[in-house]
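After this come two complexes, each holding chain A, first together with chain B and then together with chain C.
Up next, the complex of A and B:
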C-alpha cells in the first residue's frame, strides 16, 4: 500500500470524524458559551483589579480559550473514539484494509479539525472585541498619547491561538492514548483531565529538578518531566500580544511547534500499541 | 490444488477476565476449511465462539495459538482483508450520510479506483435492491434496509470472500428471504460466503456446508444434506392412493422385511408458507400499482 493510500484513508476517516463532531450538541453549546463569555468580557471590568482594559479582555479571552478548549478537546476526542467502538462502526471500518494506526490518526485529525474551528472562532471574536475596544480607547484619548504603532499585535493573538491549538493536539493524543486501554468514557475523561493538570503544573517539577542534587530522586523528577509535556511553554500570551519591543522569535515558535508535534506523535504511536491488542 | 478461501488450523482464543486475569476460552482448537465458491454456515448457540472466530478471520483479534489464513495470507495482515467484505451483526452506520454516500465512502476507504467508483457503487446498490432508497439518509432506514446497505458496503470493492455475521437477525421473513437471494446471487457470481447464524431454518436451504460450534469447540462439520438426513429411513410421497392400494403397499413393505414407521401429510415449513402467501400478495399489489400508473 502506497503512502498516498495511507494519507487518503486518514483524510477520509478524519473527514467523517469531523462531521460527527460538529453535529454534536456539546460542541455547539460549548462554542456558543465560549463566544458569549469572550464577547461579554468587556462588561466584567468591575473585576479588573487595576490592570488595563485591553489586557483584561485578552487575559479573559485566552483563559476562556484554554478552559473551554481543554474541556472540548478531551470530551470530544473521548466521545468520538467511544462512539465508534460502542456503535461498532469501528468494526466495519477495521474489517476493511485499514491499519489501526490510520484509524487512530484519522480520529486524532478529525478532533484536531474540530479544535481548529473552535480556536479560530474564539480568536476571531477576541480580536474583534480587542479592535473595537482599542479603537474606542484611542478615540477617547485622542492626542493625549502619541503612539508609534497599534497597542496590540493582532497577528500574535492568532499565533497564541495556534500555540493553544497545538496544546489541544497533545491533549487529544493523550486522551486517545488513555482511551486505547480504557473501557469507559468516564475513566478516559477523568484520567485525561488529571494528566492535563499535571502538564499544567509540570514546571514545578522542573523547578524542583533544577534545585536537586544528583541521585535517584533527581532522575525520577527528570523522567516525570520528560513523560508529561510542559504546557506552560504554550502560555506566552502576554509576551506575544503586548510586549511590542520583544516579539517572539520565529525560531522559538518553531521549537514549540516541534515540541508539540513530537509529543502528539509519540502519544498516538503509544495509543496504537494498546489499540492493536484491544478487542473491538 | 486450489488455495481454500479460509484455512483455520488449531485456533484457540483465550480472553483474560477481571483483575486477576482469569482465562476464558472462547475458541478451542478449531480446525476448519472453507472452499472457494461455497456458502458456508457457522452455526452455534450464543457464546459458542462464532463471532470470535469471525473476528480472528478478519484480523480484529489475534489468536492465542493456531493460525488463520485467507487465500493463503495470514489473516492478521491488512493485505489479506483486500479480498474480504464484512457485514457485522446489527450494523450501525453514520446516520447523516445517504445510502449512496455511505457506500461511496467505504468504496474510497477500500481504494476503489476513482474511474470505477460510480459504477461499483451503483452496481452493488442495485444488487441489494436499494436503488430507490439510496438517496435517503441512513438514519431513516428500517432494519432490513440497514442490512441491505450494509451488504452493499461489504461488496463495493468486489471481494472474493464475503463474511456475514447474523445477516438476518431482527429482519422479517420477507427481508431474510431477500438477503438469502442476494447470497445465492453472490455464489452464482463466483464468491465465497461465510455466514454465522443461529436461525437454523433460514440457513438450512442456503448453505452448502455448515460447521456447528459449541463452547468454542467444533462439534460437527459437513454438507447440510449429509448431516440432517436420516440414515436408516426413506420416505415415499404418494398421490391419489386408494385405501386398498395403501393396504397393499403396507403389506408389500412388511413382506419385504420393512416396517411402516408412520404415515403423514407432507408439510410446508411455516417460513415457506408465509413467504408464499406474502410474495403472492406483494406481486398482486405491484401489478395493481403498475396498472394504476399506466392509466
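Up next, the complex of A and C:
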C-alpha cells in the first residue's frame, strides 16, 4: 500500500461521499432553514431588549451555526455511514483493495467537506447581513461618531466558523466511532447527541472537581473530565467580533486547532479498531 | 483460564476498558494544550466563572446547549414576563425574572427592570391584597417594602457577579433604599459606591452629597463636594456650576469665614452659574484681611 494510493482512495471515497451528501434532501432543507433563520435575525432583533443590534445578529447567527451544524454533523455522518452498510455498497467497496481505515477516513472527510460548505455559507450570509446593518447604522449616525476602525471584525466571524467546523470534525469522528459498533442509525444518532451534550457540559464537571475533597468521587469527576473532549473551548463567540480588548490570541487559536485535530484523528483511529472487527 | 478470557462478555469489557484508557491518556496528554487555551476562553466569559455551583450549572447548561439562541429565547420570555407583570401574578413574576436572567445574564436591562418590578410594584400589589394603603398599618407596609427590597437586592447582587463594577446596578440599590425604603443612610452608601465605579454618571456623586446633607452631615458633604469639584473635568455634563452652588450653600450654612471658603479653579472655565455666584460672593483673595 503506497501512501499515494492510500491518499487517492481516501480522496475518491471522500469525493463520492460529499456528492452523495450534497444531494441529500436533509442537508438542503437544513441549509435553507439555517440561511432563512440567520437572514431573519434582523426581524427578530425587534424583540431584543438587551444587546445592541449588531451583537444580537451575531449571537443569533452563531447560535444557528452551532445548533444546526451539530444536528447536521451527527445525522449526515450517520446516514452516510449506514447508507453504505444498508445498501451493501460497503461490501463491494471493501472487497476491493480498500482498507477499512481508508473507508472511514473517506467518509469522515466527505462529511467534513459537507460541513465546510454549510459553515462557509452560514458565515457568508451572516457577514453579509452584518455588513448591511453596519452600513445602515453608520449612515444613520453620520458624523455623530468618530471611529478608529470598523465596528465589526469580519475576520472573527470566519474564525468562529473555522473553530465550529473543527468542533463538527470531532463530532463527526465521535459519530463514526459510535457507528463503528452500533447496528442502527437511531442508536448512533441518540448516543452521539448524548456525547455532544456531555462534551458541551464537561467543563462543569472539571470545575466541580477542582473544588472537591480528595476521594473516589473526585477521581471519577477527574476521569470524566479527561475522557470527554471539552467542546466549550470552541464557544468563543462572546469574545470575538466586537471587543478588541477581548480578542483571542493567535496562540490560543492554534492550541484549540491542535486540540480539535488530535481528537478527530484519535476518534477515527478508535473507530477503525472497532470497525476492523465488525462483520458487514 | 484461556477459555475464560475468550468469553464474549469479557472480551467486550476489555475493549470498553481499552477505549476508556486510550481516552483517559488522550485527555491527560492534551491537557498541556487545552489548559492554557481554556484559561483564556473561560476568562472572557463571566458566566463560566460563577462561584455558586447552582449558578455555574444553570449557566453551563444554558451556554452549552443554547449558545447564541439564548438571547432571543430570553427576549421572548421577557415579553411573557411583562404579561405576567400586567396580571400582577407575583409568584410567576419572580420565577420568570429568575428564568430570564439565567438564560441571558449579559444585558443589564433584565436585572435592573426585574429588580424594579420586585422592589416597587410587588409591595404595592401585596399592600392592596391586604386591604390597601388606608387599612394596612404603616409598620406592615414597611415590612412588606423591606421584604421585597431584600429580594431585589439579592437579584442585583447576583447581577454584580456578571457585571462587576457596573455603576447602574449600584445606583439601582441606592434608588431602592432612597425611593422605596426612605433610608437615606444606606442610599448614600450605594450612591457613593456607584460614584466610585469607572462608568459612573456624574450625578451619582452629587446625589451622595445631597444625601449627606439630608442626614445633617453638612461638614462631610462640604469636604466631599470640594474634592469632587476639583476632581471633575470641565465638561457640561459634570455640572460643576451646580456643585459650586451647593458648596456655597454649605459654606453659608456652616458659616465658613470668607477667607477659608473654597476657591474654584478658574482656569478650568467656570460655568454661567458659577460666575454668577462668584460675582455675588467675592473670592477670598480679592479681600484684604
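Side notes on the structure shown:
Quick note on the criterion: the second predicted complex is superposed on the first by the 279 of 280 C-alpha atoms of A that agree within 3 Å, B and C clash if a C-alpha of one lies under 4 Å from a C-alpha of the other, contacts with A are read in each partner's own complex, and residues count from 1 in each chain.
Note that contacts are C-beta pairs under 8 Å (C-beta built on N, C-alpha and C of every residue); 3 or more make two chains touch, one makes a residue touch a chain.
It should be emphasised that the depicted structure is a prediction, and the values quoted were computed from it without experimental measurement.
Touch criterion met: A:203 reaches chain C, while chain B stays clear of it.
Once chain A of one complex is fitted onto chain A of the other, the partner contacts of A:249 are limited to chain C, with no touch recorded for chain B.
After superposition on the shared chain, chain A has more residues touched by C, the comparison being chain B against chain C. Judged by the touch definition given at the top, the superposed model places A:77 against neither chain B nor chain C. In the superposed pair of complexes, A:270 makes contact with chain C only, with no contact to chain B. With both structures placed on the common chain, the touch criterion links A:12 to chain B but leaves chain C unconnected. Look at A:175: by the touch rule set out above, it reaches neither chain B nor chain C.
Residue contacts after overlaying the shared chain place A:98 against chain B, while chain C stays out of touching range. By the touch criterion stated above, chain B contacts chain A in their complex at residues 15, 55, 58, 60-62, 78-79, 81-82, 84, 86, 88, 90-94, 96, 105-106, 108-111, 150, 153, 157, 163. In the complex of the two chains, the chain A residues touching chain C come out as 44, 47-51, 56, 58-67, 197, 200-201, 203-204, 207-208, 211, 223, 225-233, 235-239, 246, 248-249, 251-252, 255-256, 258-259, 262-263, 266, 270, 274. Across the complex, chain A is touched by residues 15, 19-20, 22-24, 26-28, 30-31, 33-34, 36-38, 40-42, 44-45, 48, 53, 56-57, 60-61, 63-72, 74-76, 78-79, 104, 106-110 of chain C.
Note for the complex: chain A touches chain B at residues 1, 5, 8-9, 12-13, 16, 19-20, 23, 87-89, 91-99, 277, 279-280.
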